[in-house]
Amino acid sequence: MGTQRTDPTVSEARALDFQRVRAASLALVAGLSEADAQVQSMPDASPAKWHLAHTTWFFETVVLEAVEAAFVPHHPAYRVLFNSYYHGIGEQHARAQRGLVTRPGLADVLDYRRAVDARVRAWLSAAPTTETLSLLELGLQHEQQHQELILTDLLHLLSCNPLLPAYRPPAAAPPRDTVPLRWLEFDGGLIQIGHAGQGFAFDNEAPRHRQWLAPFALANRLVSQGEWAEFVADGGYLDPRWWLSAGWDWVQAQGIEHPLYWRPDCSSDWQVFGLRGVAPLDPQAPVAHLCLYEADAYARWLGARTGLSLRLPTEAEWEHAVAGDAPAHLAAGAFVESETLQALAPLPADGLLQAMGTLWQWTSSAYAPYPGFKPWKGVVAEYNGKFMANQYVLRGGSVASPRSHLRASYRNFFPADARWQFSGLRLAMDRD
Amino acid sequence: MGTQRTDPTVSEARALDFQRVRAASLALVAGLSEADAQVQSMPDASPAKWHLAHTTWFFETVVLEAVEAAFVPHHPAYRVLFNSYYHGIGEQHARAQRGLVTRPGLADVLDYRRAVDARVRAWLSAAPTTETLSLLELGLQHEQQHQELILTDLLHLLSCNPLLPAYRPPAAAPPRDTVPLRWLEFDGGLIQIGHAGQGFAFDNEAPRHRQWLAPFALANRLVSQGEWAEFVADGGYLDPRWWLSAGWDWVQAQGIEHPLYWRPDCSSDWQVFGLRGVAPLDPQAPVAHLCLYEADAYARWLGARTGLSLRLPTEAEWEHAVAGDAPAHLAAGAFVESETLQALAPLPADGLLQAMGTLWQWTSSAYAPYPGFKPWKGVVAEYNGKFMANQYVLRGGSVASPRSHLRASYRNFFPADARWQFSGLRLAMDRD
Amino acid sequence: MGTQRTDPTVSEARALDFQRVRAASLALVAGLSEADAQVQSMPDASPAKWHLAHTTWFFETVVLEAVEAAFVPHHPAYRVLFNSYYHGIGEQHARAQRGLVTRPGLADVLDYRRAVDARVRAWLSAAPTTETLSLLELGLQHEQQHQELILTDLLHLLSCNPLLPAYRPPAAAPPRDTVPLRWLEFDGGLIQIGHAGQGFAFDNEAPRHRQWLAPFALANRLVSQGEWAEFVADGGYLDPRWWLSAGWDWVQAQGIEHPLYWRPDCSSDWQVFGLRGVAPLDPQAPVAHLCLYEADAYARWLGARTGLSLRLPTEAEWEHAVAGDAPAHLAAGAFVESETLQALAPLPADGLLQAMGTLWQWTSSAYAPYPGFKPWKGVVAEYNGKFMANQYVLRGGSVASPRSHLRASYRNFFPADARWQFSGLRLAMDRD
Amino acid sequence: MGTQRTDPTVSEARALDFQRVRAASLALVAGLSEADAQVQSMPDASPAKWHLAHTTWFFETVVLEAVEAAFVPHHPAYRVLFNSYYHGIGEQHARAQRGLVTRPGLADVLDYRRAVDARVRAWLSAAPTTETLSLLELGLQHEQQHQELILTDLLHLLSCNPLLPAYRPPAAAPPRDTVPLRWLEFDGGLIQIGHAGQGFAFDNEAPRHRQWLAPFALANRLVSQGEWAEFVADGGYLDPRWWLSAGWDWVQAQGIEHPLYWRPDCSSDWQVFGLRGVAPLDPQAPVAHLCLYEADAYARWLGARTGLSLRLPTEAEWEHAVAGDAPAHLAAGAFVESETLQALAPLPADGLLQAMGTLWQWTSSAYAPYPGFKPWKGVVAEYNGKFMANQYVLRGGSVASPRSHLRASYRNFFPADARWQFSGLRLAMDRD
C-alpha cells in the first residue's frame, strides 16, 4: 500500500506545503546579516545558516537519495558537514564547531536550498508513492522544528551582544487586564494519551495508551513575570529549600539569580530582553525562558506560601486537559504566525488560557518511551528515541512555533537546565 | 498519638535493633587500616570513616537533639563536618573534600560512636514516645543504607590501587549449572504499587497508587557475565546504534570499553575485580557494576539480534512482578548477611530468580514523585524528594544490602552514568 | 620639548604613513565575506572585524581623546566593546566572546574606520605636537601588529573548516636547491642588546644594556619541513626523552602528533595547510607553526643524534648575531609585502639566511624586563610590561609581518604552547 | 677515576650521613596517624607515606640496582608505584592518584625503608667506588628535598581541615623589635654565579659563568606580615594595576583575596595558619606562602606608593649579594633544625638579614639552563633540566629546609602561581 502512486491532487497539495514551509524558513532570516546567520553562540545552539543548510540536507539525504534513481549529491562534503546526529547516515561535523564553517557562505547555502527545492519539486510532479511522500512530510515537520530553533538560537546570540540588538522592531504590548489565577479541576481516572488519528505525528507520540490519573487541578494561565518578580524579591534563588538538589547545584555553580533574559536596570527594576529588544518587565505577561529547575522551585515556593500541594503537571495530565478542546486551543493560541515574537498577557476569559502557543510548558515527566514505543525504521530511527534520557517533556508550543506543527499529543523535550527555549510554567495541584 | 509513651517491650526490641545495626557497621570496617578508612576515591564516594561518623551524626542530630532536654553536642564542629546534605540543619563540609579530614581520626570517630550509642541507649531505657522512636527507626534505616555504601565505596577505592588488593579473602564460587533465559509473562492491567503496610518505608515509596500496565514479560534471571562478554566481543561498546545519545556521548568521552571492574588479562580473557579480589570472569554469574546506559544498550543490542522488543523493566512492572511473593524472594535472596560479597550464578529453579538481593536492577523509570507524594516534615524533608531529577530507579537490593533493609516497594536511585553500585540488569519485553 | 609644534613636512609624512598603514589593513580583508570576518575560532584568536575595530578604537581612545578639545566618541559602547586589555581605560568586553558580537556589522566597522581616519587627518593637518605625534606612531605600530594577527587568526579559522578553503589562491613555490645546514660562529663577550637609536621602539626593547655571552654558533638557516618530517618519522612526538616535562604533558593531553597545520594524506605523505590552501609538504621550506615545546624537543632530538649540544638561541645571541647587519637582513627578508603568505625555502647564499622575515624564531629566553626597564607612562603603560610572565621571546618577523614594523631589537612573545603564529626554529649550539 | 675504591673513612662518614638523613625523614612523620600520612590534598602535593616510599625507591633504583650484582627488587610493583617522573626508568603511577594507594600501608613502607637501608649499609661497608658513592650523595640530597616537601604538603593537607589541626604544638614567637627596611647597595659589574667548588651541587647550578649586573639594591630583610596587611587593606588584590596580566587572571579566576594560609577572624583581624596551628598575624614576621604573582604585585604597589623602581631581585643579583658571606648566612639562618617551623621576625642587625633559611625568596628569573648547562648522564638526566619551562627560581631555603642541604648557588623553582611552599619576598631596586 505504501508504494502506490499518489493521487495528483495530493502531490500538488504537498508541493504547496513544501513551498510554504521552505519559504517560512527564509522569511525568518530576512534582514539578518551574513554575520548574524553565521555565529554559534554556544554548543547547544546552531547558526541560522546551519539550520538553513541542515534542513535542506535532510530533504536531500532522506528524500532525494531515496527517490532519485541517479542521485548525485549537491556537494560531496555536505553529507558530513550538515549531518546533525544520524550515525546511520555516517560521520558528522562536530556540533560545537558548526559556527566555524564560514564557507560555504550564506549565498552558497541559499543556492543549495534552491537546487534541492527544484529537485524535490521535480520529483513531486512525477507521481511519488505514498511511502516517499511520508518522508517529505517528515522533512517538512523537521524543518518546522528548526524554524523554532532559528528563533531561539538567534535570541541567544543577540543576548550575548552587550548592545542587545533587536531581531525585529519593538512592538508595544497591548494593555490587558489582570487575569486572576484560578484552578480548573479534573477527575482523572483511566484516561488515554498519545497520538491515534490520521495526521502526522512523531514516533514518540505513539502508541496511544491508557494511564491512570488521580484527580488534579491545573492553573487557568501561565505564571506571570510579575509573579516571578515576587519569587526573586523573596530570595527564591537564594534558598535551597525550594530547589531540587541538582537544581541548587546548578544555581550555585552558575551563579543564577534571575531568568535568562532578565536584566536589572539602574533603578533595580527588571528589563526583559526578547526578539523585539529590551523592554521593562510586563507584570501580566508570562515569564519565559525558564528551565525545569526554576519552574519546579517556583511551585515549591508558592506551595509553601499558600499551603497548597503545588507542582508541575505531568504530561498525561496536560494532554488529558487539553486534548478534548485541541482545535479551539490551537486556533486561539499565539504561534509564530502571530508575529508577536514574545509571550503576551492572556485576554480575560474562562477555561484554560494559553493552552497552546504562547510558551512551552514544562511538565514533571521525564522524557521516556510510551509503553509499546517503536522507533521508526531506517535512518530516521534515530529521530527521537535515542534522546529518551535525562530530559523532560514540554507541551503546547510557543510564539516561536508554527501553528501547523503543533498537536495536543506533541512532545517537546529538553534537559532540566535548558533555559534558552520559549519555555514557561503552568502550575498543577493534587486534589484531595 | 505520636507522643504517647512506648510499651517497654517495644523500646527494648528497638534497643536490640539499634545494637545490631550499629555493630554491623563496625563489622564492615573490621580489618581495614586507618588509611583504608580515610581515603575518598572520587567525589561520589565517601571514606568509610566518614560513613561511620555521618550515621552517628544522624542519630545525634535527628534523634538526640530532639529528645535530650539538655542536649550538648559531642563536638561542636561535627554538626557541619558530618552533615551530608541537610540545608535545614545548616552548613555542610564540602562533599568532595571529605577525604581530606584526617582529624578526627578513626579512633576519635569510634569514640564518637560509643558516646552517641550510650546516649541513645539511655534515652531508649527511659520510655521514649512513639514519635521519637520513629526517628530512631529512620536512623537505623539510614545507617543500613550507608552500610551498603561503605562496601561500594571501598570497592571503588581498592580498584584504584594498581595492586588490586582484596577487601576480604577470595572464595571460590560454587559450580552451578547454566540457567537458561526464560520469559515470565504478566498480564498487567490496573495494578497498584507503593508501600501501604504497617512497617517502615521511606517517604518516596508512598502513597500506594494505581497504575495501568500493558502486558509484559520479565526475564527469569539477570544477564550473566558470559552474555555480557558476547556483547563486548560483538563490538557493543563501539556501535552507536545500541546507545542512547547521552550514553554514546559518555562512552566516547570516557573511553568506556567494558564494565567498570573488568580487566583484560594477558591472554585477552577477562578478569573481574570485586571485594574478594581479582578472579577470572564467571560466565554464569550476573554481570555487575553496570550503569543505566550500558544496561539499556545491551537490551537494544540483544533485541536487534533476536527480533524481540527487549528493554529495561519499568519500576511498576518490577514491583508488580515481585511484590506478590516478596517474603519468599527476600528469604531466598543473597544479601550482605550471606557474606558472598559478590553476585553468584543462580541455582536452577522455576519462576523469578534473583528477584531480591544479588544485584540492584536498573529500571527504565526516571526517579520521580509518586502521585500525591508528600515529603516527610522537618529536617528529614530533604531525605528523598529533592533528588527526584536526572536519576533512575533501581530495585531489589544486592549482596551488599542488609536483608532487613529491603522491601518490594523499595526505590533506590542513581544517575544514568553511575557504575560503582552493585547494579545489574534484568531484561523485560513487551507482549503483543 | 614634547609639546612643541611639529614641522608641517613631518606631519604630512605622518599623514602619508597613516594612510598607508590603514589601507594595508583593509587590503588584508579584501575578498573576505562578512562571515569570514566575524568568527572567532578560539579564545586566543580574534575576528578580523574585531581587529579592524580595535585598531581604530586605539586611535580614537589613545590619540583623539588626547588631542581633540571637544572629543565625542564615535559610539559610546565602543569604548568597552573594542578595548582589548587596558584596565586603565576601563571595562573590556570578554575576550572569548568577541566573535559573538555580530552588530555592529562589518559595514559599521568600516564606517567607524572612515570616521576616525577623517578626524585623525584633520588633527594632523593642524600642527600637532611632537608628543601627540608619538601616540600616532604607536597607533601605527599597534595596527601593524594586528595586521599580522589578522593573518594568523584567519589561517586558524580556515583550518577549522573541513573543506580547508584557501585565503588567497595557490602559488607554486619556486624550485630551489637544498641549502645545507652550516654553523656560523660567534665569539660573544660583553656585548650590548636593546634599542638605542632614534626611531620607534616599544618600551620592552629598552634600555640598551650589556650582557655577557659565551661563544656560540647559530645555524645558517631555519629547520626545514623535510628535516621535521624525519623527526616525526623517528617517533619524535612519542618519546618523552626529547621533551620538556611541561611539553610532554602538553603532547599527551592534546594528543599532538605533528605540527599544527600538517595533515596526513591518503598515502601517508604530509599535506601542509596555509593561507594559500593545502599543498604537499615542501622539504626545503622551513617548518612553521611550531610551539616552543616542539622547537625545543627537535633541538634535543637532533643533538642526541649528532652528539652536538643543540639548543634554541637566547634572544641576546640572536640579536647580537643579527643586529650588525640588520639593514641588509631587513631588505632581504620575506615580509608580508612579498605576498608569498607562506615561508619559502632559502636561496643558497653565505651567511645568516632567513634572519628576518620568513618566520619568527623561538628563543630560549623567557620574556622578561630588561635591566632598568620602565613601562611607558599613562594608558599605554599596560602595553607590554604586564605580559612578562610565562611567555617566550620570538625574534625576526615573518611572511605575515610588515617590513616597516620590524627591527633587530624587536621582541615578540607567546606562551610555550602557542602554535598558530608564523613561528619556526633556528638551531643554536654551544662552542667549547 | 670515578671507579676507584673509596677510602674506608669516607664510606664510614657516608654511612653516618645516610643514617642521619634517613632518620630525619622518620622524625618528621613521628606522631602522625596513618591517615595523616596517607592523604593527598591536591595533585601538586604528595602523601607523606609516598615521600617516605619514593625516597627509598630512589636509593633502591638508582643506587642498589647499579651496585648490587644480584639485585632483586624489594617488591616488583614498587618500581612503577613509587617512580615519580623518570621516563628513563619506566612507567609511573599517575601523580594525582598517589593518595589512593592505601596498600602498601605505612607499616609496609617503613619495612621497605628498613630493608633498603640494610642493603645500602651492607654495600657501604664493602668499599664502594667513588662513582657509586656520588649516587648515594644524590640520594641523600634528593631525600632532603622531600623532607621539605613532607612539611609543605602536610601543612596544605591540614589547612584543608576546617578544624585546622596543628602539626606540632604551638610555640609563642619571641617578642622582637621592628627592623626597619633598609637598602643595601651593590655595584654589579661582570660577576660570576653558579657552583664551582668541591662539594655537591645539582646539575642546574653549573657551570659557573659570567653575568653582567647593573648596580642594584636589595632590602635588608623580607617583607613582613604587617606590611602585607597594608597591601591587602589598600585593595591590593582588587586593583589590576599592580598585577601581571597572568597574575590578574589568576586572582580573578581563583577569587584570591589574601595569602594562602591567612584567615579573617571574627573581628576582621587576620589569623595565620601554620605548622603550629592558627595564631594571630605577627606584624614583624615575614609573610609566607606567597606565589610569584603576589610577590611581584606587592613590589609594583609599593613602588607606586614610594616612587621607587621596586621589583623582585634576579637570581644573579641574589647570588652575588649572598655568596660572599654564605657560611655566615647559613650559620645564622633558621632552617628545619631550628624547629621553629614558621618564619619568625628578624633580630635587629646590620647587613643582609634572613639571607638563607626563614623563607625561600622569589626571584624574577625564569628557571632556565645556565649557559653551557649539561644535564647529568643516565637515569638522573631527568632530574632537573626537563623542568626548565614556565617556572621561576627561588633562592635561600626556609624553616622547612635542612641546613646541610642549602648553598648560595642552590636553585629552587616553582610555577608562578604556586603558593604552598615556604616562599616569601625580598624586594630589590634599580640604582640610577
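Which chain is which? They are A, B, C and D, in the order written, and residues in each are numbered from 1.
Everything that follows uses one rule, which is that contacts are C-beta pairs under 8 Å (C-beta built on N, C-alpha and C of every residue); 3 or more make two chains touch, one makes a residue touch a chain.
Model, not experiment: these values are computed from the prediction.
Undergrad: Of all the other chains, whose mean CA position lies farthest from chain A?
TA: D
Undergrad: Between chain A and chain C, what is the gap in Å from one C-alpha centre to the other?
TA: 47
Undergrad: Return the distance between the CA-based centres of chain A and chain D, expressed in whole Å.
TA: 59
Undergrad: Go ahead and note the Å separation of the Cα centroids belonging to chain C and chain D.
TA: The mean C-alpha positions of chain C and chain D differ by 38 Å.
Undergrad: Residues of chain C that contact two or more other chains, please.
TA: Within chain C, no residue touches at least two other chains.
Undergrad: Does the chain-touch network form a line, ring, star, complete graph or other?
TA: It is a ring, because the chains touch in a row that closes back on itself.
Undergrad: If I apply the definition of touch given earlier, which pairs of chains qualify?
TA: The set of touching chain pairs is A-B, A-C, B-D, C-D.
Undergrad: Show which residues of chain A lie in contact with chain C when the two form their complex.
TA: Of all residues in chain A, those touching chain C are 33-39, 41, 49, 77, 80-81, 93, 97, 99-106, 157-158, 160-163, 165.
Undergrad: Would you pull the chain B residues touching chain A in the complex into a rising list?
TA: Touching chain A: residues 85, 87-88, 190, 209-214, 240-241, 243-248, 292-293, 296, 309, 311, 364-366, 368-369, 371-372, 374, 386-390, 416, 430, 432 of chain B.
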